[in-house]
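Read the structure below first, then the notes.
Chain IDs A, B and C follow the sequence of writing; residue 1 opens each chain.
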Amino acid sequence: MSSTPLPPGLQIEKVDERIMTLNVGPQHPGSGHMRIIVKIDGDYIVSADPDPGYVHRGEEKMAEYRNYVLNIPHLERPVIHDSCNVLYPYCLGVEELLGLEVPERAKYLRVIASELNRCVYIQYWLAIYGIFLGHSTMFMWPAGDRELYIDMLEKMTGARVTHSFFIPGGIRNDVPANFEDMLLKRVNYFEKRIKEYAAIFYDNPILISRTRDAGKLSREDAIRLGTTGSTLRASGVNFDLRVKEPYDAYGELDINVPTLKEGDAYARSKIPWLDMLESCNIIRQAVQKMPKSGSVRVKLKPNPKGGNDEVYKRVESGRGSLGCYVVSRNAPEPYRVKLSVGSFRNLICMPYLLKGEKLGNMPAVYWSLNYWPVEADR
Amino acid sequence: MLKDLLTPQNANVFIGKLGDVLVKAVDQPLGYAINWSRLWSLWPVHIETACCSVEFGAASGPRYDVERFGIIEAFGSLRQCDLVVVQGTITRKMAPRLRLVYDQMPEPKYVVAMGACAITGGLYFDSYNVLPGIDGILPVDVYVPGCPPRPETLIQGCMLLQEKIKRLKAR
Amino acid sequence: MSSSETTPVQQSAPPAPQSSAPPAPSESKQPPVKEIPPFEKSIADKIESQFGSKVKIDFVKPLRIRIKTSKEDVLQVAKFVRDEMHYDHAESVTGVDFPTEKEIEVVYHLGSYTDPQLANQVLALATRAPREENPNPGFDSTRLPSLRDIFYSVEFHERECFEMLGVYFDGHPDNRRLLLPEDWADLPPLRKDFRNKGR
């Protein structure tokens, strides 16, 4: 090996004696399923190098062996608490490949399911953010309130978190009778409930002093780094695919995308909460405009074959834009499936934002990026 | 009489015999007490390995509240923990770390395999980066099936573990 | 597309042509009616007029354009696309292995946040690297120029592509391993000749 010079990036680097290297994770209360290799000088972070891959399960390779329908269960596992949204672009893509037209009622039910799922995801994220900041009440409240929507999703789909609800050509089955009334009742309660979070969390002076001005990301850098979702919208870019590139029934709904300008950890933690309030509005509109009856899926012939084509579809998930690139080569199995996930795209912010930050601010900045390690690893 | 028995030559033997008698008399109640205190304060180590951690989090939440069964919320320092809940898929990158965590924990320690992936590899049976179950790296006490298991199933699994600890000989 | 799998379409087809056949451009979901949308066409024409035969327009679909270029020209095309067309970030970098053609294709999906007109557009920029039967990632001829200096956001995507398909990106500052275990000594897993166990 010594005869051939190593390519750049594979060379061994020399480290100063002052600088200490810390491995944060994978067994660490402030890391999740990943490791961040942090170099610190005193209390200040000199460099941070994220090391994901602890949950890399090779789902893109597995998708090449299964047909278009069998791919559904394992492609929703990256984010099981946001499983409708993570499956959404794949279903949209396969529908375009197979030329399927989704019935009108299924479009609205998809919107409802994905908005419920977005709230469930954000509540879990918020609960963990509370733990990261040492705010135990903020773990208990969202963890309890998300069960309301999990109940609704369970009534809708039959499973607590892994729904496998969306299939190419519609949704798996219709909702039970009297579903709309139950849903609206819970949406109203949920909205009232999450408005109370402001008093204990978002207007809390301790939280504000902890997260304000921590990990500032300017608008230009947010665009240059290609961030997405709440990280992007907290930096003042009004970009939400539900408005910009409406899919299914989102085009007929009136959506106000929350945007903040500060770009710090506080703004990034507030955007998902505003998203939840907006989701409640979207669910109400969708229930109102939804056709009250009708078919919810088109019949799919067994083992459908895609043409010699490729699609790239994207939706707005709880973590930002989620793209799915499906290449088909005249076979029942896809030739290549690639999930371009929001968490992986926001990973690039981590070394950038943590540099120069205090070590104590690391969990506050890291989790405010709306990052779910399992999704980033796929 | 006693003087004959307890000579300087056989004092060691005598005290040893006395100790045996004492252990026989006290072992059972003391072991019961040790086990009883252990099983109502199981400290799971905070290591998430895959997506089942979502349901583990939900189990710690207010609705399911595992703390009332003596399983305390996931804890950061592994030196003070005695339970590993393997929350899902173990990849080839995670496996050595999981073993490292297990090795650093003090005895006695228990392992709960949560989810189909931790038991057999589950949905990822043919993936190139996933271990087919954690039996090869850790001695598992209780298997909790499901993909992911509901919080109730996890609670039931932990209660089975408590039953098991009750019957084990205290070390 | 073969004729047999159009059966699901035909079930929902009878109402669709009656309502949407006259204003065809807005509803271009039917596969047989291939309307080329004008805005996407103008973007593709702009690229084509700049580079001529160096760039091949693969398809122009509603909201999606795909162009293909050789690995010598990809830096030039990417620079033009960023500076003149206002595509400012990369959404994903996908490597696709084509063993029969002895090539590995790398597709950059580019999007724009700054230009509101391009918000829903995705430009797929494809380029191909030669593929070797016995790969030695980092040292063989499977190389491409890195777009990291043009689109900063491709940094981690290109690292992923390097380890998953063995495409070394020249000029990338950090071509280390990202997702796979440290002791991975097999083929890059997303190549087609790497088979999962039991398959």
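As a working rule, a contact is a pair of C-beta atoms (placed from the backbone, for glycine too) under 8 Å apart; a residue touches a chain by one contact, two chains touch by 3 or more.
Everything quoted here is computed from the prediction, not taken from an experiment.
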- Item | Chain separated most widely from subunit A, comparing mean CA positions | B
- Message: Quick check: which two chains are joined by the most contacting C-beta pairs?
- Response: A-C
- Could you grab the centroid distance between subunit A and subunit B? Build each centroid from C-alpha atoms only and quote it in angstrom. 33
- Where the centres are mean C-alpha positions, what is the separation of subunit B from subunit C, in Å? 49
- Message: Between subunit A and subunit C, what distance separates the C-alpha centroids? Give it in angstrom.
- Response: 23
- Send over the residues of subunit B in touch with two or more other chains. 91, 93, 126-129
- Task: For subunit A, write out the residues touching at least two other chains, lowest number first.
- Result: 53, 56, 58, 61-62, 65
- Task: Please set out, as single numbers or ranges, the residues of subunit C touching at least two other chains.
- Result: 180-181, 189, 194, 196, 199
- subunit C touches which residues of subunit B in the complex? 91-93, 125-129
- Item | Touching residues (chain side subunit C, partner subunit A) in the complex | 1-2, 5-9, 11-12, 16, 29-31, 63-64, 66, 88-92, 94, 96-97, 107, 109, 113-114, 119-120, 122, 124, 138-139, 151-157, 160, 164, 168, 172-176, 178-181, 189-190, 194, 196, 199
- Which positions of subunit A touch subunit C when the two form their complex? 4, 7-10, 52-53, 56, 58, 60-62, 65, 98-101, 103, 169, 223-227, 232, 237, 239, 241, 244-245, 298-301, 304-305, 307, 310-312, 314, 321, 323, 325, 327, 335-336, 338, 340, 344-345, 347-348, 377
- Note on the structure: Counting only contacts in the complex, subunit B reaches subunit A at residues 45-51, 53-55, 57-58, 60-63, 74, 76, 78, 89, 91, 93-94, 97, 101, 123-124, 126-130, 147-148, 150
- Message: Quick check: in the complex, which residue numbers of subunit C touch subunit B?
- Response: 180-182, 186, 189, 194, 196-199
